[in-house]
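Written below as structure tokens is the structure these notes are about.
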Amino acid sequence: MTEKIVSVKNLQVSFDTFSGKVHAVRGVSFDLLRGETLAIVGESGSGKSVTCRSIIRLLSKNASIDEGTIFYEDEEMLLKTPKELRKIRGKEISIIFQDPMTSLNPTMQIGKQISRPMIHHLHLSKNEAKRRAIDLLDLVGIPNSEERYKNYPHQFSGGQRQRIVIAIALACNPRVLIADEPTTALDVTIQAQIIELMKEIQKKTGMSIIFITHDLGVVAKVADRVAVMYGGKIVEFGKTEEIYYLPQHPYTWGLLQSIPSLEETEEDLYAIPGSPPDLIHPPKGDAFYLRNPYALEVDLHFEPPLYQVSPTHYAATWLLDKRAPKIAVPASIQRRYDIYHQRHKEGYDE
Amino acid sequence: MAKWIKFIGKRIIYMLVTILLISSVTFFLMQKLPGSPYGNEEKITSAQKKVMNERYGLDKPVAEQYLLYMAGIARGDFGISLQFGDQPVGKIIAARIGPSVQLGIQAIILGTVVGIILGIISAMFQNTWIDTSTSLTAILGRSVPNFVFAVLLQLIFAIHLQWLPIGLWDQGFYSTVLPTIALSFAPMADAARFVRTEMIDVLHSDFIELARATGIGEWEIAARHGLRNAVIPLITILGPMVASLLVGSLVIEKIFAVPGIGEQFIKSILSNDYFTIMGLTILYSALLVAVILVVDILYVLIDPRIRLSEGDEE
Amino acid sequence: MSEPVRPIEKIPDHYFRLHHSEKAYENEAIQTKSVNFYQDSWRRLKKNKGAVASFVVLLLILFISIVSVWITPHDPNAQEVRYSFLPPKIPGVSINGFNGYAKQGDRWVDVYQQKQVPSGSYYYLGTDKFGRDLLSRLLFGTRISLLIAFFAAFLDLTIGVAYGLTSGWIGGKVDTVMQRILEIISGVPTLVVVVLMLLVFPPGIVSIVMAMVLVGWITMARVVRGQTLQLKNQEFVLAAKVLGQSPLKIALGEIFPNLSSVIIIQTMFTIPTAIFFEAFLSFIGLGMRAPSASLGTLINDGYQTFRFYPHLMWYPALVISLIMISFNIFADGLRDAFDPKMKG
């Protein structure tokens, strides 16, 4: 079960804008394994969405993929014609977006929106597609599916709409689901329900999920592995536990410190200072340099390579170089380290 | 249901107020008209004068005349034409409204259909030469006055090529072709521009992106998702479109010698045909107000999004 | 998985020391040059070739129509019936149709010679039925048309902005009443109002302008009101309120400047509409009266003799189309520049 289903290598994507060429993704590599959930975490503008949309080449017209390879199974996605792409989109790889309020066509019955991809890809008749669409509505937890098939999007709540969007994505039993911040626009309780639903469906179908979010708090509940992106690059990736309890990159620290939690009432909620890097003129050194309280002089001049922390865990920070000074990690991060070491001493291993 | 009645009721009240206002203003303005029945005695036969005095009390004070006139309108009596003996204005209008309505409907259908197609093509190929040339066509449609365009059509298709009659409304459908095209130019340009903007908006929306992500082709997306969402709002500019069509119909009817109400309006204006001008003024206003009413109702009926805010389902 | 790209051993050791200062954020702030809304719009507008070209054409037309107050080839109103219907004659040009020759039957004939026009006198675009120089009349007519359009647009702007701003800014009952009034007026066809006004008032520039303004300001009022409602709830306006500024001061000081882009765009659309309407009125015989000329009356005059002397109609038609096209393209460009959302 540990075979790759999607493999991205050295992906570079840029956008032509009025102000100049924006280098949104600057050499990203990762693999998605069969049946796993990979979370990609980062703030807006970190390139996480662009990376994932590149997989099915769903980018705006002013975007260009400058370098890299993207394999789905044995197929190179970047060499596909639009027609070939359409055969994969929705059938093999599906995507769901952040805002359920705008993801559905307001003037079309939701049932039709669910059955359309099935008619298109699986060549089902209208009636078969309708029957399956009703089953799908049941699956995603829309009550009275038969009657609601004919309803329009505005007759559903936000959470229900996201369920419908998921139903559309699942219509053709895709092998990969890209969830682009699927819970960001929802209430916390609804968020939990949607995540629960996705996990349930994954268990039934065995599909792989790429879960994009800016909220590390959500990730713990869904992901097997986590990749943290900053300034168009992956700065740290590893198993979820490693990212949570043994984070190495100062940016990951910042993200973890900004998760509100009950245990940390004594500390103020942390916000990473400064603003995202200018990707029109990407810095020569580490993109996080300016915002990094632990920045080294070398960060200004050279980009840090990925250092291996464990066979499954890598981080791109000069702090991992043997010449780097020993620094005192923030207290809350140190506490996480302690939990990790304690667990592993007691044999909590996985 | 109650909301519906309230909604339509309110609209109808506006409509009546507007028409009342226009007829009143028209009436009092006509009193000031140099060359109104009072200042133009020699044009009126004594028989006409007698009839008018009997029916409209033209020798009575203005206030009383006003009431008489309004009462007449309520009965559907718009007075008599001063230009054509003592023919009732209602009868003149009835005899001439046919060609105008036909011309108007043909033009608006042709204009919106072509406009929608141009707008959609333009949006789908946004910022390419196709977009540039369709947008340019639309700008020409908006910019070149329709009487210039009409004369150009006459010159090319009637005089040089002799494919179609130069005017007059006497050869059935053939003689309607050129005036229809000339009149459809403005609504075509309006529709094309409007649909292009809407379509670009729609094509950038999340649900189109989602449809793309399900592997549906661009043309199907445009037809199935884009078209409806881009074209429904077109209904909202139908009112202004009809208003500009009324303006256009005057010159087009003049140029192509169409025996319609527009041509009549010009003639009446130039000959100070007091009651006919008033009758046509009220007719035009009523027409426009009625179109606005129908548009409002249609929009609520067609767009499921609005049903929620207006209606009380769910 | 990834070995460092460059030999990291070569990086000097002293680079590995903490190098963070709080000032870093400030440096960053300076690095990104801030561009304000108008500069940004201006930059977008400059990239739109069509809009720039239209703007140049408009400036040129404007310039010519102003200069022609003093410099015209002939007196636009001087009648010389002997020299009526002369074809265009341009010095140094020998193409038939532009050299004083016109087709009579199957032959090209020198009409200037025929009508005994003294040699050395040229009518670049020919003459009309009273022997008036078309070019001079065209320059004169363009000026009148533009004057009417600018005048009307200015009044539309003044009334529309005042009404819209008042309605949107005060809100509540005042807004409701003002909106009802607007709704009723907007049911009145422009055509009807303009025609009635022109029947009643003496013909001339002022009547035409007044007639057009009577209903023309409504669109502007709508647009301004909509924008005002949007601005009203934004932070900077709330802030001004909290600071205790008077409502009138906020409306003029905070809201009005932010309306300028919609006002400019709307005005740019009003001007061609006014030019068209003037031409339309003249064409149906309700516009400027002789001997005054506007583009509309020139087209109408040309239309009377269109079958025999088509150039008398085409030249004014060409000028009006050029003005209208330029205004429309420029207005479209302005709108796209101010509202980047429109250009994906």
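Chains: A, B and C, in written order; residue numbering restarts at 1 for each.
We adopt the following convention: contacts are C-beta pairs under 8 Å (C-beta built on N, C-alpha and C of every residue); 3 or more make two chains touch, one makes a residue touch a chain.
From a predicted model like this one, the values you see are computed outputs, not experimental measurements.
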Overall pattern in which the protein chains touch one another (line/ring/star/complete/other): complete
Contact-richer chain pair [A-C vs B-C]: B-C
Chain separated most widely from subunit C, comparing mean CA positions: A
Mean-CA-position distance for subunit B and subunit A (Å): 54
Interchain centroid distance [CA atoms averaged], subunit A/subunit C, Å: 50
Distance between the centres, which are taken as Cα means, of subunit C and subunit B, whole angstrom: 25
Per-residue multi-chain contacts in subunit C, two or more chains: 344
In the complex with subunit C, residue positions of subunit A that touch it: 18-19, 29, 60-61, 273-275, 278, 289-302, 305-306, 308, 314, 318, 321, 323-325, 327
Residues of subunit C touching subunit A in the complex: 1-6, 8, 11, 13-20, 24-25, 27-28, 31-32, 35, 40, 43-44, 47, 340, 344
Touch list for subunit B against partner subunit C, complex: 14-15, 17-18, 21-22, 25-26, 29, 32-34, 126-127, 139-140, 142-145, 147-148, 151, 155, 159, 197, 200, 203-204, 243, 246-247, 250-251, 254, 265-266, 269-270, 272, 277, 281, 284-285, 288-289, 292
Residue ranges of subunit C in contact with subunit B within the complex: 180, 183-184, 187-192, 195-197, 199-200, 272, 276-277, 279-280, 283-286, 299, 303, 306-307, 310, 313, 317, 320-321, 324-325, 327-329, 332, 342-344
Subunit A-touching residues of subunit B, taken from the complex the two chains share: 205-207, 209-217, 224-225, 228-229, 232, 303-305, 308, 313-314
